[in-house]
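Structure incoming, see below.
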Amino acid sequence: MGRFGFVAKRLLQTIPMLFGIVLIVFLVLQITPGDPARQIVGLRASEAELQEVREELGLDDPVLVQYVRYVGNVLQGDLGYSYKSRKPVSEIIGERIDVTLWLMGSGILLTVLISVPLGVIGALRKDRAADHVIRGLGLVGLSMPPFWTGVILLLLVAIPTGWFPAGGFGETFPDKVRSIFLPALTLAIASSPFIIRGLRASIISVMESEYISTARSIGVAGGRLVRRFVLRNSAGPAITLLAIEMGYLLFGAVVIETTFALPGLGQGLVLAARGRDLPSVQGYTLLFALAVVVVYLVSDIVTAILDPRVEIEA
Amino acid sequence: MSEHILEVRDLEVSFTAHGQTVTPVDGVSLSVTRGEALGIAGESGSGKSLTLKSIIGLLPPNATVVGDLRYALDDEEPIPYAPADVHGHGISIIFQEPMTALNPTMRVGDLIAEGPRIHHGLDKKAARVKAVDLMRQVGIPTPERRARMWPHQLSGGLRQRVMIAAALSTEPSLLLCDEPTTALDVSIQDQILGLLQELRGSLGMSVVFVSHDLAVLGELCDRLAIMYGGRIVETGPVDEVFADPQHPYTEALMTSVPSFDATAEQLRGIDGRPPDPRAFPPGCRFAPRCQYARDECRSAVHELRDVSAGRTTACIYPELIQGVKR
Amino acid sequence: MRLRNTIVVIAVLALLAGACGGDDDGAETTAAGTETTAAGTETTAAGAETTAAPAESGGTLVAASIESFDGWVLDSAAAYVTYQTHLAVMEPLLRFGADGQSLEPGLAKDWEYDPDGLTMTFTLQDGAAFSNGDPVTAEDVAFSLGVWQSGPNFGESWLAITGVRGEGNQVIMDLEYPDNTVLPLMASSVSGIMPKDFAGMTEDEFYNNPIGAGAYTVEEWSIGGRIVLKANPNFYDPERPYFEEVIHETIADETERQNLFEAGQVHINEYLPATIAPQYAPEAVYQPAVHSIYHLSLNTTRPPFDDPLARQAVAYAVDYDSIDEALGDYYGLPSGILATNLWHWAPPTKPYFRQDLAKAQDLAAQSSLAGGVDVEINLDSGSDIDALVSQILQVSLAEIGVNVTLAGLETGAFLDVAYSLGSDMTIWNYGAIQPDMGDPMVWIAATDWLFSGYETDTLWGDFFAYAEAPTPADQEAIVAKVQDDAIDHAASIAVAEGSFLAGVQPDLVGFEMAPWGLYYWDTIAPGS
Amino acid sequence: MTEPPASAFDAVTEVVEPLAPLAEPGIWKKMPKKVYVGAAIVLLYMLVAVFAPALAPYDPLEINPVDRLASPSAEHWLGTDELGRDVLSRMIYAARIDIPIGFLGALLPAILGTVLGALAGFYGKWVDTVIMRTADVVQAFPAYILVIVLVFALGQGARSIIIAFTVLAWVIYTRIIRSEVLRVKDLDYIHAAQVAGLPRLRILRVHVIPNVINQTLVYLPNDIVFATLGLAAFSFLGLGIPPPTPEWGAMIAEGQPFLRTNWWLATVPGLVIVGLGLGLSLVGEGLEERLRA
């Protein structure tokens, strides 16, 4: 039962957290501007008509009453209706989820494909030319504002060469891959430096440990040593770093989706906030929070699986 | 077939950091005859552990090694070798701290199976069977069950036995032991020493055993080499060295070893502290702490001279040593 | 636990990434269909060619704007993109001409306004039918009028019409009193024709999947995202529309919109900011007649701008020339507060404000501005031009001791502060949505004199006089009066006037845009 | 048998390398070369900020739209922006905004996070649970929403940006410091102090914090880089420092539409941010190497 108990315990922990987040969002959005009634009825409507709509939607009820009603609905999977389009928020968000999943998925994949090799090389060739070059590039990548990187990639790569679309999200699988490559690369450039540095540090400390000498003494070398001895022990910290990085990636998604006109959750959030569509904003916020919680949960479980010393096994 | 299995001549190990160079192993020469158990004794910082690691080529990356190391790879004359040549082919090593010497994320059975899989090309299943055999051979109870456990689930003694099993998995002809019993409490220590003694006999393996504990060395080894300040200061058969030390440091070591019948005043520590590798004194490095020290000692060139058959010393006045009053 | 020793780091991380990636079919079958955008057109696969001529793009026209769509309720539409889309789906009886001053056939092929007989008579196009096949009848127009008049925003605009009757293709509207503004109103998207009783659907169902008699039907839509329209098989003109499909994208970033335009993935970039237009190739910028008014509104409900003299001081302090220069060739010096190039437009009888620092400082000294004041200007932080104009105003108003700080807000927040007269000054721009001076006058009145809080009774009076004015000359005289009043009370000061622009792929044929930036998708044809 | 972290979010503590305490003698001597190089770069930026009036050829706010968007020339080394203002002068004066916001935006959360981390680690029980679970909630909260609200509530400007950073960025420090405090707490010299009857708060202040502050110091430079990038991102989304105040992030956002004709408008401020980021990262990495060696 050890394993599932651990996962169950973690899941139970997230529930109060999500309630907390929804409450904060609710309170926070109450003091934001943008009278929802005006958004629904129209900019030229008279006060009487606005008041009528406020009563109809219960906007004048005390905040806590609205919160309880909102949570009640959310538990039944009803995220409310967008003020403007009267479309269910779950549908609006549903249309956008796969774009952001594609962006985050390929962003992480690229980050891994870039970080693991460079992290291993940086560690194995410690303080030699390759190591310094990698760390130098890392420092530069770290300090480049993502949207700036995105625009430069568009202008110097996408438009002159035409290999990638200048934005938007493709329909067929190959189009999707082509349209998601540069945004994912932008994400990877922003997050790889941290993963490389973390992985390099943990590999170095693993290489200096005695069980590596033991392994070497019995003839384990090369790829087998790296795979079965080095990476498995340095994976834990690296995965945790990836989880932290993904927390930032979600904010990055807002910026990068805007830069590349990707109709994902990030741009959806920007447009919903701009249009003061509160139910949509609440829906996006809940989803972002859920995503961050799930990301940490998965990384936590994977790290626990990888490291036998963690108690869940007992 | 030469009687030596391992020959080490003028071994030097040095490190450079922050512009300073340090040479903790400063010109060591020794040899191991086939089937022999050589003990290397010395306080911490004497360079004994580094010497051992140089033999099997497991020094930290920032170390630079100079010297002529020869090993009888396939029972012929000892020939120069690169570390990779002997890894898994002849030389194995076991370390002091079993907890850090075993891969925490690998089952002990799988670790022991690595050797057979790599060198004898056994498939997974066969290698596992071989691993269980090796665990039984080193005295681990219910080896089938224990093979599936993780290092942190075993006691210190059992972990050390796993270490030994792993070392034996490549059927070495020379086993290097870097203070394997120091971290264990005395009762377990004897079991492990007994096991090593028995394995030596049954496998005809040569052993180099490094320790600061003369009692342990006395029990297991045939010959002794005493190291001080990165150099060998005396060698010889164990009982001869114990009975008639030819170097003041060996004599001082003997008197500082507590034994049941020794009275309190016979116990004398050695005043002063082991030399700092960054600033070795000139001439004989033990001179500052030697009770017989003369002026010539401070300028003498270090050289191991024969005192009698199979006995050497670096002291230029061995005759001054009164010997151990025992 | 066999699971552990099979997991190797790379496998785990690939698992993580794979789980997120999701493959193509999965996305394909989601209920709302995949979110496909501009890059969806098949032939733009190799973007290598220069701007891909739309002809070979399989009959899909792609338009993009920064604003998001408001939904299908005609009355609550606020964004130009919403008016645009309503025109294409729920076509009104009439259309406006590209000159912004004329009316053209819509669902009605000809029309007649008889002020004496108090009737308006329309003859429907032969074969005018809704996308579900039902022909358009007088009953549908009557039902639509009912919906229009119940609208909280525009409801009163159709007050003059008491009822609709007629049979066959004749539609007669009876008027209670003569009203010049009702006929041009028939060309606005708020007068979109809907089927009787929403063609059997509930109101919510209808506004989720509307049916109209326009050139296009709704294939797929979402508030912040894209709108996909397909040609209406029952459209009254078999020739049109020339494009089988129209996709409208909402793109949050101006630069990105230009990238997509350059790559040929977007054919029309609506409402191009004047400062960005020079970045486009000259032949790609479509410039209709001057129409958009940039105005600085002063909050007349609280100090310091409750004092008329202070407002006059500000009006003479504004550096109109710098604004004209900064906004480039597509904007010029203001002629008056009312949007230009509409039916019955007339200039004020006296010259409009120009910078006269001496006069401004003199007026300021006698007004509540004496000794200097600190004020805040409320602007939409999403618009670069608002920020630009505000910074110029900041420098010029400093000359008369008015210390301005800029308070940029998200569009939603900005509008709320503007409507609730929450700040000292507001900077915005506006244009009409139909070809008659009645529209800007209603807009100014409905926004409390363009967010200045100045009384609007005088203006409503002028508007009703305008509506009943017997001859165009009388209407123009009323317009001139409103312009003069605006100069006297200076509650809202026009600081620049210029054209709404659009970025249009040069090889599109038949693109015609009214001065206020609205156009018809069905008149556009792919290049030769 | 190690206990799994209390919550998924606590896992970050595993990544933290134990560092030598700052109090160790000679720790400040013999820093790796990169720390000095990094510090020099950062110092250069600071000097530019301090001597901005002397260095800037023109008044950064003086507009003259007649020669707007001019290319780099003898009078205007980096050309002019949309309102004809000298780009070089604005770049120099922008240092006076970006550096203080970057440093404050990292320092305040560092202080808040360190204190909360120390309290959570040292006192444990409900104090620990409350602080750490709040940390989880804040970490999961989308930053973008918070900034919009702060911008409205407090108005656009440095104040709301710094508050936003403080509210968002303290979490990482709290986790690192809490785990360090837990590690240090078990060491004997703390037991000795407790036995000697020192009040708990004094133990915390005198013994615990000085020994864990090194983690904060090593992480701080990275966080300053993040704060500077965060400010640029907010400006890009229209929530940054209000015009006309010169600020690198805003200059990138304003220059971006003109990348085709005046590419330097957006590129140069970007490079300047990268330069500062480089300097700070060098200091951070160097410190970490020195303390871990």
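Note that the chains are named A, B, C and D in the order they appear, and that numbering of residues resets to 1 at the start of each chain.
We take it that a residue touches a chain if its C-beta (ideal position, glycine included) is under 8 Å from a C-beta of that chain, and two chains touch if they have at least 3 such contacts.
Since the model is a prediction, treat every value here as computed from it, not as a measurement.
Peer 1: Quick one: which pair of chains has the most contacts?
Peer 2: Of all chain pairs, the one joined by the most C-beta contacts is A-C.
Peer 1: Centre of all protein Cα atoms: which chain's centre is nearest to it?
Peer 2: A
Peer 1: What is the distance in Å between the mean C-alpha positions of chain A and chain B?
Peer 2: 53
Peer 1: Taking each chain's centre as its mean C-alpha position, how far apart are chain A and chain D in Å?
Peer 2: From the centre of chain A to the centre of chain D is 21 Å.
Peer 1: When the centre of a chain is set as the mean of its C-alpha atoms, what distance in Å lies between chain A and chain C?
Peer 2: Centres of chain A and chain C (C-alpha means) sit 36 Å apart.
Peer 1: Would you pick out the residues of chain B that each touch at least 2 other chains?
Peer 2: Each of 106, 152 in chain B touches at least two other chains.
Peer 1: Residues of chain C that contact two or more other chains, please.
Peer 2: Answer for chain C, listing residues that touch two or more other chains: 255, 382, 409-410, 413.
Peer 1: Out of chain A, which residues touch more than one other chain, so two or more?
Peer 2: Correct list: 32-33, 151, 155, 232, 258, 270, 273, 299, 306, 308-309.
Peer 1: Give the list of chain A residues in touch with chain B in this complex.
Peer 2: 126, 208-211, 213-221, 224, 228-229, 232-233, 306-309
Peer 1: Help me check something: in the complex, which residues belonging to chain A touch chain D?
Peer 2: 6, 10, 13-14, 16-17, 20-21, 24-25, 28-29, 31-33, 135, 139-140, 142-148, 151-152, 155, 197-198, 201-202, 205, 236-237, 240-241, 243-244, 247, 250-251, 254-255, 258, 269-270, 273, 281, 284-285, 288-289, 292-293, 296-297, 299-300, 303-304, 309-312, 314
Peer 1: Hey, which residues of chain C end up touching chain D in the complex?
Peer 2: Of all residues in chain C, those touching chain D are 254-255, 258, 275-276, 278-279, 322-323, 325-326, 381-382, 384, 387-388, 390-392, 394-395, 405-410, 413.
Peer 1: Show which residues of chain D lie in contact with chain C when the two form their complex.
Peer 2: Per the stated touch rule, the residues are 61, 63-66, 68, 82-83, 148, 151-152, 155-156, 238-239, 242-244, 254, 256-261.
Peer 1: Would you mind writing out the residues of chain C in touch with chain A in their complex?
Peer 2: 1, 3-4, 7-10, 12-14, 16-24, 26-27, 30-40, 44-49, 68-71, 75-78, 151-154, 204, 207-208, 222-226, 249-253, 255-257, 259-260, 262-263, 265, 382, 409-413, 415-417, 419-420, 446-447
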